[in-house]
Structure formats: C-alpha cells, structure tokens
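These are the structures in question, set out in turn.
Look at the two complexes coming up: subunit A is in both, with subunit B in one and subunit C in the other.
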Partner chain A sequence: RHLSLLVAEEEEYINSSSWRDQKRHFFVLTEAGKPVYSRHGSEDKLSSVMGVMLALVSCVHDRNDKIRSITAGDHKFVFLIKIPLILVAVCSTPESITQITVYLKYIYNKIVSIVTLKQLDRIYAKQKNFDLRRLLTGTDKFLDHLCTSMDTGPEYLLGAFQCLPLAGNIRDLVSQALQLSKTNDLAFALLLTSGKTVSYCRLKEHNLHSSDLQILINLITASSSFHAGESWLPICLPHFNPQGFLHAHISYLDDDFQTCLLLLSADVNSFFTLSEAKKRVMVKLNKHDCLPILKLASEKGMYNVGKIGLPDLRHFIYKSKHQSQFTAPEFSSPYHDVHQQERLFGLYQHLHGKIHNPAIPLKLLFEVSDEETMLAWVASGFELYVAFSPLVTKGQAISSVDRLLRWIKQREDELFMIRPLVF
Partner chain B sequence: LASLVVYNTSYGTKEGEEEKKLLFYHPKTETRDKKVNNVGLFEALVQFTRSFAPNSECETLRTKFHQHVFLHAEENFWLVMKVANRTSKAQHNEFIAYEDEMVDTVYHEVLKNLYETFRFLHGTFTAIVGNHGVEFLREELDHCFGQLMKTNLSKCDIMSVYNGVSYLNLDKASYIGFQSFIFTLQDKFKDVESSLLMFNDAVILSGLDETDTKVIVKYLKSKLKLCLAYPNRLHISISGISTYMLTYGHMVTSLFTSKHTKQTRRAFINFDAPNSMQQVEVILYQYQSITACLFLNKPSIPLVDLAKQLDAFMGPQLKTLTASIVDQQKNNYDITEPNLKHVYHNRCSLSVDSTCHVTSHSGEVSCVIPTDVMQVVCDINRTFSRSKCEEHEVINKVHNDHWVASKRTNGRELHVVVNHKNANLSAVTEEIKKVSCHFNGINFAE
Partner chain C sequence: RNNMEGKHYLELGKNPVRFDPVGVVTNVFFDESNKMVFVVRSGGETGVIVKGPTDKKSFTFRLKDKGALIAIKFSLEQKVLSMQRSEKCVEFANFKNGEPDRIEYSQTCKGKNNKILTFHWLSPNEVVFVTIMGVEFYQVNMEKRLLKLIKGHYLTILWATYSPETSVLLVSSTSNLLVPFYFNNGQVTRLQKFQVELSRSGQPKLELMERDVTLLNLYVLLSVYKLPQSLLLGVYKLPQSLLLGVYKLPEKPYILQLGLSGRFAFNVVDNLIVAHHQVSKTSVVFDIKLPGLSKSNVLYLEPLIAPLPIKSFKIEKEGVYTDKQSQKVECQMYPPTWIVFQPNIIIDACLGCMWYLKINLSTIVDMFPDRCLLLDFLILRKQSKPTILHVCKQALTPLHQLPLQQISSLLSKLNQVARDYIDMELSYLQKLEAQPDNPVLPSHRDCVVIDQNDMLTHVLTPFVGDCDVIHTFKIAIMMEYLKSLELFRIKTKPLVHELLIDTLVQGGEFLQLQQLIRHRVLEDSKRAACKLLSLESAHAPCSQLALDMLKRLATSDDEVIEVLLSKQQVLPALRFIRSVGMHDLVPARKFLEASMHDDMTFYSVYKFFEARNIRINKRPGFTDGLLKFRIKLHSFIHL
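On to the complex of A and B.
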C-alpha cells in the first residue's frame, strides 16, 4: 500500500507541467537502471522515467544497434551511452543533436573527474547494481552548476576558454609567478580571478585541455567551500588522464575571494610542498602589486561593444583556434535582459551547429531575419560569430568584420593569453 | 528502405494479441516475434516522447545504423519507415551518422506522400475499416503499398519536400481559352464535378484543392511518364496501363482500380475540408499531349458511354487549344550562365521550378548539383519551415566553390546555387541578383 502511494506520487510529479516543461533536462543512470543524477527534480522520483530510458536503450541494443536520438516537434531526446553509465538529454532548445551530445560529454567528464574511470569500471565490473550516488554525495551542486552554465556559456559550445582582459605585461608577470611554483610532481598551476582565467603554467609535454580547464573553473565557481584557508582535494582530469587522480591545492590569495590559485600535483603527499610553492607565488605577485591590479581588472569586467565604434555591430564571439580561447564583449542593448541574452545565445548555437555540421561543414553563413542579421565565418585561424542590426547591408557587414578583426588583432595581448609558460 | 510498418495502437491491446495491431509489415519475411517487438518499441517511443512533449508527435528515431520516420496518419494509425543510414563510415566516427538530420524533412514528406496517395486511391484507413473491416484494409495495404514502395530514397531531395507541380507557361489568351473550355464542359456534362488539365507533365489548370492536386499530379506522372515520353505511341498499352480508343483521343482505363472491389476508376478527394471527403469516379482522358482528369459524382450513365460523349465534345476543342500552346521555355533567365542554378517554390500555388534538376527522355529526374550542396538546400528549407519570421534570408558558403543563397518571403522560397571560384559575399550578392530579378518580389538584402 505504501508502495502504491509512492508510485502515485511519482506519477503526479512527472506529469506536472512545471517539471515537464523545463527546457533542458539532463539525466544520468547506470546500465542497471539506477538513477544517478537529474538536473530538474529529485532523481528518486524519476525511477520510472529512467526505467523507460533504459528499456529504450536495451531494446535498440537487442537489435545490434545503438540509440542516438529521438525528435518530436521541438523536442530532442539525445542518448550518450558510456557503459556503465547512460546519459540522456531532453531539450526543447535550438541546439543541434551533435551539440547536445557534446553537453552530455561534459556531464560525463564531470562525473569521471570525481570518481575516475578506473574506479567506475572496477566498481561496475564487480557489482552491476551499485548506487553511484554513494560516491557522488555532495557533488550534485557541481553538476547543477555545470548544467546551468552550459545554458548560456559559449565556452562549452566552442570548447574554448575566456581570459580576464588584462595588460599583457601584467599577465606575463603572473605567468612568471606561477612558474615559480614548480615542484617535482606539479602538473599544472592556474590562477583565476572572478572565475576567469588569468594565466596557467603547465608541464611541457602536457597541454591543459579546455574541457579539463572548464572542470577546474566549474569546481571553483560552484562552491564557496574553498574560501577557508588551503584546501586539498583529489580530482581527475579526463583529458589529462581518465584513469587516475591529480591532487589539487586550492587557496584564495585575497580577502574578498576574487583571486584563486590552483596547484595540481600527481603526488598525494605534496600538500606542504605545494603550500610552500604557493608562498613563492604570493611573494612574486605582491612584489609587483599584482593582486589589486587583478581585482581592478575583474571589476572593470569585459569591454563594451560600443568601444569598437562600429554602429551596426551589436555583439560578437571570436574564437582563436590555436589557443582555444575566445573573446566576447559584455551584453549591451538590445540584449540587456536575460530573455534577450538567451535568444542571442540560441542564435549563436544555431550558427555554430550549422557551420560545424559534421556531415557538411560550412565556411560562411549569413542570415537575415526580423530581429538581427547574423554572420558566422570559419577561417584557418579563427571562428567569428557576429550579430548585426537587421538593416545592415552586406557591404557594411563585410567592412565591419574587417575592422573588427583588426581591432581584435591590436588587442590580442590584452584579450588572450598568448605567451603561456611551461615549468 | 529497410522496412515499412503500419499499425493501429487500439487493436490487440490484450496480452498475447499484439499481432492484431499489425496492418502492414515489410519485409514480410520478418518473424512474428520481431514484428510484434518492433511495434512494441514504436509504441513505447511514442509514449515516452509524449511524456515530455504532450503536444508534439514523435517524428524520428535515430540509431547508429538506422533512421526511423514516424507518421501519425489518423487517430491510432501509425506509419513507421526505417531507412539505413547513408554512410558506411558510421562505425568509425561517432558523429558522421547524424548526417541524416539534414534529410529528416525529406523522408517525412516521402512517407506522408505515400499515405496521401493511398488515401487518394482508397480512402482513409478509418473509413475502410468502418465500411469493409480490418482484414480488408490489410489486403488493400498489401496490394497498394507493395506498388508504391518502389521510391528510390537516395534520389529524394528538396523536390520531394515541395512536392510541387510545374505549371505550363501560357499567355493570357490561351489560359482563358482553356478556362472557358472547362467551364463549358462542366456546364454541359453535369456529372463532371471538377477537373484537372495537364500538358505533358505540366499543369494547365486544376479545379481541386492543393493537397489533392499535389497527390494526383505526382501519381499521374509516376504512372504515365512512359506514355508522356512517347506521345505518338499512346495507343499501345505500356507497363500495365490499358487504354480504350475513342474517335479523337483515348481513355486510360486501368488506373484507379481496386483489386478487391472491382469498382473501377474511383478515387477519394477533398480531405482538406473537414468531413467532406468524397468518393468520386474518374475518367482519365488523353488527347495528344493533353491529359484531362475528370472527377464525376455518381454519373447517370455508364462511364464508357460518357467517355464517348466527352470525346466527341472535347476532341475538336482540344485540337484548337493545343495549337495555341507554343512556348514551353520555362527558364526565363539567360541559361548561358552555367554557374547559376535555382530551385523555386510557391507554397500557395504549389508551383515549383528547378534548374538544379534535369528530366531525361525516360522521365527520370536527376539532380545536377553536388549531393552535399543539395543537402544544404534541404537543410535551409528545414530552418525556414521552423523559423517564426515570414521573411528570412540565408547565405551559405558550402565549400570553396559553392554558395547557396536562399530567401523566403510570403510563402515563396527561392534557393540560388552559385558556383564561383574564390568569390566573396559581395560578388555572390551580384550573381544572385541575376536570378532573383526573374522572380517578382523576391529581393535579397543589399
């Protein structure tokens, strides 16, 4: 009797439009059908929905095939099968199926970063119906934060990160300071201000992949638990090594928790060595009075598009392919409210999806609609996405793009990290 | 085409009776269990998508190797078509199989057309079941879909989406001539409810609504293409079509027949207006290059006698009228511009016009631009049909040499394909103008 009451409650919940009508659902379950995570609503109440998902996956699997996606009107249902996990997205947003698959991969990587692939495989080889939530206790907020930032974050769409705009010589000083943290097993040293990358230093033979960097940024921005003193935490960076943990020494360098230093080492016993290394970085930064400058730069924020002096230009995103970095101005008129910003981001997603269509990639896309004229252009070194006012002529758009590219080139040093150092 | 299934969700709801849901299953060789299982999967999918999107219907299921297209044809009646993914690289690259996202609409329209053609020839599923029972519907589907399924899917593109008809270019006087001919005809022969006139494969005028016109023209073209290609040999029975010679022209007798009822020359029209589906009888009359499709409501005399009377009236008139058809030149811009091609569609009149396709002597239509460029055209059409604004313009650079410029305005769509080495946006804009100036009111942005 108690059970039937629960089932009824669950049904009512799923049928409530407030849950159903969410624009982006993400679900994670195990191949035994155990719920792991749901973005909206508690996964406990969703066991029947997840049961259906598992049934669909295994039904198609029985036919020696693999389910990828379902479409119904504006809704897209996308499946990513990474045994022992199954990830499902249900979106009624303008992304393409390929883009949604990329989002699911971010979620998968986030989970791997907490438990490592090695542990995941070992557990499920032994015990098929293990409840993974036991290992993920307390990490829901990181997954929630990741899902929310993917809603409007170009970094996930582009696979690139955005630097804090900063004078080139200051960034160089920070890089040199980070280099001083070198110890035997140090893999990466990273400095963030207000969640934006200032600089990082890495081992010569290992690049810091932008998706790994995103995991670190997500970790810092999702939680205030690192505010107190120095923290020590195991973390797996799936692109660096999905099988094992790195150990992160995390500390804030200023009193208002703006600037954060992350030191990642392969040695589990190196906390005190890294604590010493942090002091060396601090000395160098203080010597040149860098922290107040960083604070000022973060308060100043991004630049306004009006600064460029192109009347028809409303907003843009420029990605430098070599550096996996992008730059974009802050939102200005007419994109001042969240609704408009989401709409604009939807247009960027649309352009990005078309231009990177895996079957037929395009070189250039120019689209005129009622509210704006959009341009996307992929060249050898960069990708550019621009929103113009709807009345711009093609001639004006072309000359604006030329001037915009020149403007970016002139400020390359300030907008991008172009001289990263290695240990 | 890997398989085609028609089922009704309300049949065989009891455990163990699931087989009753099946109305049609291709390939027939599939085991009973597999058939039942597949329908179970389809029903689960439909339920699953409804739980998130209660107002939309499940449209496609994409897997690593296949794509399923769903059509909710009538209440409880579903058609599901399964197609193998076009690419064989699917095993090596996870993403490449998504290619077919671009041709979604194409497959969907092919399936819809299949259903509409069936409906035109036999009536709705619901009506058939109501009048003759489920078993009868199964037999009709077997008979009819077997014939219709021969569509070559790899050749389907934007033209299957538009499913439009090409109209004959006529000067005003000749057009009015034809119009008054039809008026007189329908006045003189009260049994003739409405009619459709074609010259070769181009429509002169149609008294039917859009969907009916679309379906009939496509059906006639597929059945009569051989006759049309050899207009002088019309009296010979070709590919199962038999004709009945009259004094001037002849009557095509073997179309629109049902194997079971032995009722000849009937069809169902008027689906768009609610509750006004009509069963009509059809006389298909040909005189030289003219085909007249006459729809009769409960004729008072036998069709053969009526046909004789019609022939005596129509023959001499058509003779004069045909002579006035002189110009068939469709492409009114300078065809010495080989780097420019276009596809045009008018949603209201159904008119289509394409220089991206050529028709061979045997009636085969083939596409002359690269497949990927054509896929981009299909994809833009999909963007347009999902876009909320009536005015929409898109210009794509596909690879180094090809550009696709598309404009939608007031229900009309024009896609211009420009093949131009090392062009830039301004140069392409100039090229597009050479085409768009021939389409009144379609102006690309400056």
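On to the complex of A and C.
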C-alpha cells in the first residue's frame, strides 16, 4: 500500500504541467536504471520515467543498435550512452539533435570532472546498481548551474569562451604574471574576472580545451564557497585526462571577489608551493596596478552594439575558430528583456544547428522573419551569427557584415586573448 | 418531324408592295435590277405607277401610248427609262424630276433578222442587249441622247438569264451549252462555256430550257437548274475567281434532292436555297455549306427540313371597307399566278402583291433534332445571334440539357467562328494599313459572331445563377468554355474569369480555384484580385493568391499596401514599398498605426522610419503629430 501511494505520487508529479512544460529536461541514469540526476524535479520521483528511458535504450540495444534520438512533434528525445551512464535530454526548443548531444556531453564531462572516468569504471565494474548520487553529493548545484548556463550561453553552443574585453597590453601583463606561477607539475594557471577569462597560461604540450575551461569557469561561478581564502580541490579535466585528478588551487585576488586565480597541478601535495606561486602572481599584478583595471573593465562590461554604427544591426556573435573564442555585444533594445534574449538565443541555436547540419552543411544562411533578419556565415577562420532588423535588405546585410568584420578585426586585441603564453 | 402540322418557318414579309393587279387595260412589269413594279395603264396614257422596292416608295408618270410594251425598265439610279415595244428596238427617255423626257431616242439591235431576247441595265448608263445573234454592250450618252456600242459578242443565243446582283449573264447558245458573261467596270468578259450533261445513255436527249435555269447568288454564284423528269436539282458553282476575271471552268459540286417532281421555283433567303413546289404547295430549303453525302465528286444535299408550306398571309381587300376597318382576307398560297424573282421576291400580279420571302429562325429552331447541325445552320444565317444565344442557353437548362461533349462541340463551333473573324479582321486591318484608301468593305463583318460578352450576358451568367443546376455541371461548363477559348487562342475576357471564380466559390471548389490561378488559367487582373480578396472569409488562402496577383500586375501597388496593412502585415508592406521604390513617399503614420499591436514590429517599423528621417531630414525625429508613437517606443524600451 505504501508502494502504491508512492507510485501515485510519482505519477501525479510527472503529470503536473509545471514539470511537463519545462522546455529542457536533462536526465542522467545508470545502466541499471538508477537515477543520477534530473534537471527539473527530484530524481527520486522519476524512477518510472527513467525506467522507460532505460527500456528504450535496451530495446534498441537488443537489436545491436544504438538509440540516438526520437522526434515526437515539437519534442526531441536525445540519448547519449556513456556506459555506465545514460544521459537523456527531452527538449521542445529550437536546438538540433546534434546540439543537444553536445549539451549532454557537457553534463557527462561535468560528472566525470567530479569522479573521474577511472573511478566510474571501477565502481560499476564491481557493482552494477551502485547509486552514483552517493559520490555526487553536493554537486547538484553545479549541474543545475551548468544546465541553466547552457540555456543561454553561447560558449556551450559554440565550444568557445569569451574573454573580458581589455586593452591588449594589460592582458599581456596578466599573462606574464600568470607565467610567473610556474612550478613543477603545474599544468594551467587561469585568471577570471566576473566569470570571464582574462588570460591563462599552460604547459606547452597541453592545450586547455574550451570544454575543460568551461568546467573550471562553471566551478567558480556556481559557488561562493571559494570566497574564503585559498581552496584546494581535486578536479578532473576530461579532455586533459579523464582518468585522473588535477588539483586546483583557487583564490580570489580582490576583496569583492571579482578576480579569481586558478592554479592546476598534478601534484596532490603542492598546495603550499602553489600558494607561493600565487604570491608571485600577485606581486606582478600589483606592480602594474592590474586589479583595479580589471575591476573597471568588468564593471564596464561588454560593449554596446550601437557603437559600431550600423543602423540595422541588432546583435551578433563572432567566433574566432583558431582561438576558440567568441565575442558578442551586450543585449540592447529590442532585446532588453529576458524573454527577448532567450528568443534571440533560440534563433542563434537554430542558425547554428542549420548551418552545421551534418547532412547538409551550409556556408551562408540568411533568414527573414517577422521579428528579425538572421544571418549566419561560416568561413575558414570564423563563424558569424548576426541579428538584423527585419527590414534589412540582403545587400545592406552583406555590407554591414563586411563593416562588422572590419570593426572586430580592429578590436581583436581587446576582444580576444591572442597571445597566450606557455610555461 | 412528326408534329410539324401547321408549323412554318418561311413567311411572306409583313408589308408587301401593293399595286393594281393585271387587268384589261392594266399591264404589270417587274424591273429586276431596281426591284420596281411598273403598273402601266392603257399603254401609259393614263399613267404609269412605279412601286418598290418597298410599299412606301411610289411615283407616277405618263407615257404616250405608242403600242404594246414588251418590257419597261429603269436604268440604275433611275436616270433613264427604257421601253421595248418591238423585237428589234429599245426606246429610251432620260428621266428627270419624276418625268420622262419628251424627247425619246432608241437603239436597234445589230444585224438583219436579229431579235432582242432581253436587255439589262448594268449601271446608270450601261445597257446590254441579248439578241438571238449575240450580246451587245452599249453605253448611253444622256446629253446627246444616243447609244454607243462598246462591245459585241456574236453567237447564237436561245435564251439567257441574268443576275443583277453579280452582273453575270448566262446564255444558252446551242442545246445545253451555256456561256457566262461577266460585266465589270465597262468591260464584258466572255467566260469559258460549259456543257450540261442531262441525258443518260439510252434515253432521249433532254434539253435545258430557260425556265429550268436560275442564277442564284448566295455564298457563291450558283447556276441552278432543275433536271427535267427527275427529283434532283443540279447546281453549278460558278467559281469565285470568275468575279476576278480569272478563266476557270465551273464546277458541278452539288445535287439537291428535292424529293418531289414537277415545277419548282427558287428563291434565296439568307443564303439558303428555297425551292417552292407549286403542286404540293410546299417549299424545301437547302444550305450548300452544310454537310451532305459525297459521291463521285458530287455532293448530294437533302432538304434541311421536311417540306412545309409558307405561312399563310392575309391582305386587306381593296375597295371593300366596313366601318373604317379594312377587311382582311387570306391569300391563296402557291397559286399559278405567283412569279418568283431573285433573290427573295414573290409577285402575284393578279392580286397586285409583291412580297419578300423571309425565314423565321425562332420557329425553325425546334425543327432541328440535331443541335450541332442547328448551330451550324444558325451560324451561317444573318441576324441569327439572338437565336444562337437562345439555343446555347437552352442546351444548358435542366430540361433540355445536352451532354457535355455536345455542349463542348457547340462552343467550339462558336469559337471557331470568333477565331475566323479575328483572323479576317486582323488581315483586313493589315491591308487597310498598307492601302489606307481601300474602299472594299470586309464581308466578314456581316457574319454572326458570338463573342464573350454575348455568351456572358445571355448564356453563362443566367446559367451560373440558376439554382436548379448542380455546381459540378456549372464548373464543368465554365471550364469547357475556357478550354474552348484557349483552344482557339482567343484571349479570355476578365469577366469570364470572374464568373469562373464565382462559380468555383459557389461550388466550394477552392482547391481547384487555387490550382487554376497558380497555373495561370485564370489570368491576373485587378478585378480578379479584388474578387479573391472578397472571398478571404470563405477560403483564407484566397487573400494570398490575390496579393500575389496584385504584385504580378505591378500596377496595383497601393492596393497591395492597403491589403497588407489591413492584415497588420506591416513588415511585408514595408518590404513591398521598398521593392517598388516608394519607401520615401509613404506616410509613416499609417504604418506606425498598423504596427501598434506588436512591440517588436513597432520597434522595427519605428526604426525604419527613423532611418528614413535621418536620410531625408538629417535628423531622426518625427513631426509633432507623431509624438504618441515616440511615447510608445520609449514605454517599450524602458519596459
């Protein structure tokens, strides 16, 4: 009787419109059907839903096939099978299945960054029905934060990061300061201001993949627990090495917790060495009075699109492919309310999905609607997504794009980190 | 054909030319060229009354009685009066102010022992004598009062017949040898003679007499002769080329199957050969253009309708009056006193009546069992337009409805005629352009043409409005008509398209309507577009079809804008005005007003006009009247 009550409660919940009407659901379960994570609602109440998901996966698996997606009306059901985990997304949004799969990979990587793949494999080799939540205790807020960020974050869509706009010479100074943190086993040194990358320094032989960088940024922006002094935290960067942990020394350099320094080392015992290294960085930054400048830059925020002087241009996202960096202006009218911003981001997702459609990849896309005219352009060095006034003509749009590219080129130094240093 | 008792399709004209009948002292002559009846009393001493060609026209003059008249005729335009009193000589008197000149002059035929058979006026001053020895062509000099022989053709002549309408004289030289002469512009042309074969082998030789031969002028000039002791009528077609002076043998293409033996008299009414049979008191009609049975290069034609009498006729009895009301008596039909002249004249000299024979198309309609043949028949008639339209209308009405295939062939017939008319008109206009003073009036303008307006007004619009007809049939008919027009490459009028749209909408066939417009069966026009717009409530895609149509028309820019704005499609309206280069001319207010319903649209429109203001006035502001829009914009931005 107790069980049937539970089932009824569960049914009631998953039938409630507040749950059903959510636009993006993400679920993580184990191959044994144990719930790991659900973006909306408690995963405890969703065991039957996850059971159905598992059934779908095994059903297709039994035919020696792999389920990738189901499309039903406006809804897309996307599956990412990473044994022992199964990740499922249910979206009624403009993203393509490919894009949703990328989002699922971010969630997977986030989980790996907490437990490492090695540990995951070891546990499930021993115990198929292990409840992974035991290991992920307290990390739900990071996953939630990640999911929320993905809703409107171009960085996840584009696989690129956005720098804090900053005069080139200041950024160079920051890079040089980071270089000073070099110790044995130091893999990366990263400086963030207001969650935006100012600069980083890396081992010559190891690139910092944007998805790994995103994990670090997500870690910092999701929590205020690093505000107090210096923190020491094991973290796995799946692109760098999914099998093992790096150890992150995290510290804020200013009193209002704007600028944060991350030093990642392979050595579990290097906390004090890194603490020393931090001091060297601080000295260098203080010497050039960098922190107030960074603060100012962060207060100034991003630039306004009106500055570019193209009347029909409303918003854009520019991604530099070589640097895996992107730049976009702040939202301005008519995208001043959140609802419009979400809608615009939906359009960008739509454009990105269409232009990167694996079946029919495009180079140039021009779409006119009642609200705006969208243009997407993929060239060898960049990707550009632009929102124009709906009344722009094709000719005006093309010439505006030309001028926009010139404008970006002129401010390359300020908008991008173009001279990264290595240890 | 069984219920034809008491029915008629031939009638005598309403107002006959009445004249004094032949009597003891009264002689009556008929002048075929002028269509005038001469009533000569006491040899002219007590007066000559000339009546015709209508009853209203008449005048009187006196003549000295110089003996019995053989013939009396006017020259054309009544310039000269000519009288034949002897076999050898014709006397002339110039005719002026309704009186013959007192001084007469005369002309004797050439040659000793010659006899004048007959004479004919060719023009106001040209006359031809047909004598037993030849044809003498004279010019009359009215001032000098003498005749001058222009040309003589000498051959033995037994008898002759003349057609004043075509100026063709047919003479019989020796037995059954016929020689045609053609008069034109003061010239005589002797055409190739031809022999008429009447006898069959092993039978006695038959001779063609004057009364057997009649020259008929219908579509082409025909020489008709009754084959003695047979039920057949031979018809020679004198070729058209004859009139151009080209030498060509006449053909013998038709045999009319009269079905009765005995004497026949012939009239031509509206290009129909009417054969009157006195004994049976009936007449039959033939149309040489309608199909017949072809056998060894001869076309055998049957009467179009079974023999029927001419409708009886009542005349006022002369001299007898009761209470001011004239008493009417029924005429005897087909009496032996009837004489028939070309083309459609019947004279009863004993009664003192000259009628013009007429055909009544409205009664003949019901006598044709075959509607297609009927239409062919009607198309060939003059003044048949109302009848044709009636027949078409009838073919569509439920009780008399014809199968679609037959209706289709009726439409084809009408459109073939319309096409021919267009072609002839075009070539005529071309000729006219090349020779602006070409006086020849085109003959095709006399033909009956049923154009789209006629069809619409009298047939299709009432048909589509008929509640008793099912929609599918209406649509089928309209499509059939359109198809037929297309087949004959006749440009369809917008009204026809509109009616088709109406018909389709009436029947709820929107999909078909859509297809027809998309494939340009229904042509673009402003009216059609407006029609479509009015149908939007019935079928939503109609408005888009209308818009596309207006855009293609390129003359309806204002309409396009109005339509778009009325649907609050402000951005498409702006894109449209930009595409037609009007974006600096339109008033901003209208567009801003229409975009108030949606913030994003309003923003775009406001920015659009702001940019225009900058471009034109060098500043973004609007005039004060548009302040409320500015307030609206700010309330939106600072939400």
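Here is the rule we use: the second predicted complex is superposed on the first by the 423 of 423 C-alpha atoms of A that agree within 3 Å, B and C clash if a C-alpha of one lies under 4 Å from a C-alpha of the other, contacts with A are read in each partner's own complex, and residues count from 1 in each chain.
Note that in this section a contact is a pair of C-beta atoms (placed from the backbone, for glycine too) under 8 Å apart; a residue touches a chain by one contact, two chains touch by 3 or more.
It should be emphasised that the depicted structure is a prediction, and the values quoted were computed from it without experimental measurement.
> Following superposition onto subunit A, is the placement of subunit B relative to subunit C best described as a clash or a fit?
Subunit B/subunit C on subunit A - steric clash.
> With the two structures laid over each other on chain A, which partner does A:52 touch: subunit B (first), subunit C (second), both, or neither?
first
> Counting residues of subunit A touched by each partner, does subunit B or subunit C come out ahead?
In the superposed model, B touches more residues of subunit A.
> For A:25, decide between first (touching subunit B), second (touching subunit C), both and neither.
A:25: touches subunit B, not subunit C.
> Could you look at A:393 and tell me whether it touches subunit B, subunit C, both or neither (first, second, both, neither)?
both
> For A:311, select first, second, both or neither according to whether it touches subunit B, subunit C, the two together, or no partner.
second
> In the overlay, answer first, second, both or neither for which of subunit B and subunit C A:69 touches.
A:69 contacts subunit B only, not subunit C.
> Looking at A:137, would you say it contacts subunit B, subunit C, both, or neither? Reply first, second, both or neither.
In the superposition, A:137 touches no partner, neither subunit B nor subunit C.
> Please work out whether A:97 is in contact with subunit B alone, subunit C alone, both, or neither, and reply first, second, both or neither.
first
> Looking at the overlay, does A:357 come into contact with subunit B only (first), subunit C only (second), both, or neither?
After superposing on A, A:357 lies in contact with subunit B but is clear of subunit C.
> Just checking: does A:370 make contact with subunit B only, subunit C only, both, or neither of them? Give me first, second, both or neither.
Touch status of A:370: both partners.
> Which region of subunit C runs into subunit B, 469-477, 523-531 or 559-567, after the two models are superposed?
Superposition on chain A puts subunit B right on top of 469-477.
> I'd like to check the shared interface: which positions of subunit A are touched by both subunit B and subunit C across the two complexes?
Shared contact residues on subunit A: 370-371, 393.
> Hey, which residues of subunit A end up touching subunit C in the complex?
The contact residues of subunit A facing subunit C are 311-312, 333-334, 336-337, 340, 370-372, 389-391, 393.
> Using the touch definition up top, name the residues of subunit B that touch subunit A in the complex.
Against subunit A, the touching part of subunit B is residues 37, 41, 44-45, 47-66, 87, 93, 95-99, 101-102, 104, 372, 375-376, 379, 383, 386-387, 389, 391-400, 424-426, 429, 445-446.
> Show which residues of subunit A lie in contact with subunit B when the two form their complex.
So the residues of subunit A touching subunit B come out as 14-15, 20, 25, 49, 52-53, 55-56, 59-60, 65-75, 77, 90, 92, 96-98, 101, 350, 354, 357-360, 362-371, 373, 393-395, 397-398.
> Would you pull the subunit C residues touching subunit A in the complex into a rising list?
Result: residues 571, 574-575, 578, 599-601, 603-605, 607-608, 611, 636-637, 639 of subunit C touch subunit A.
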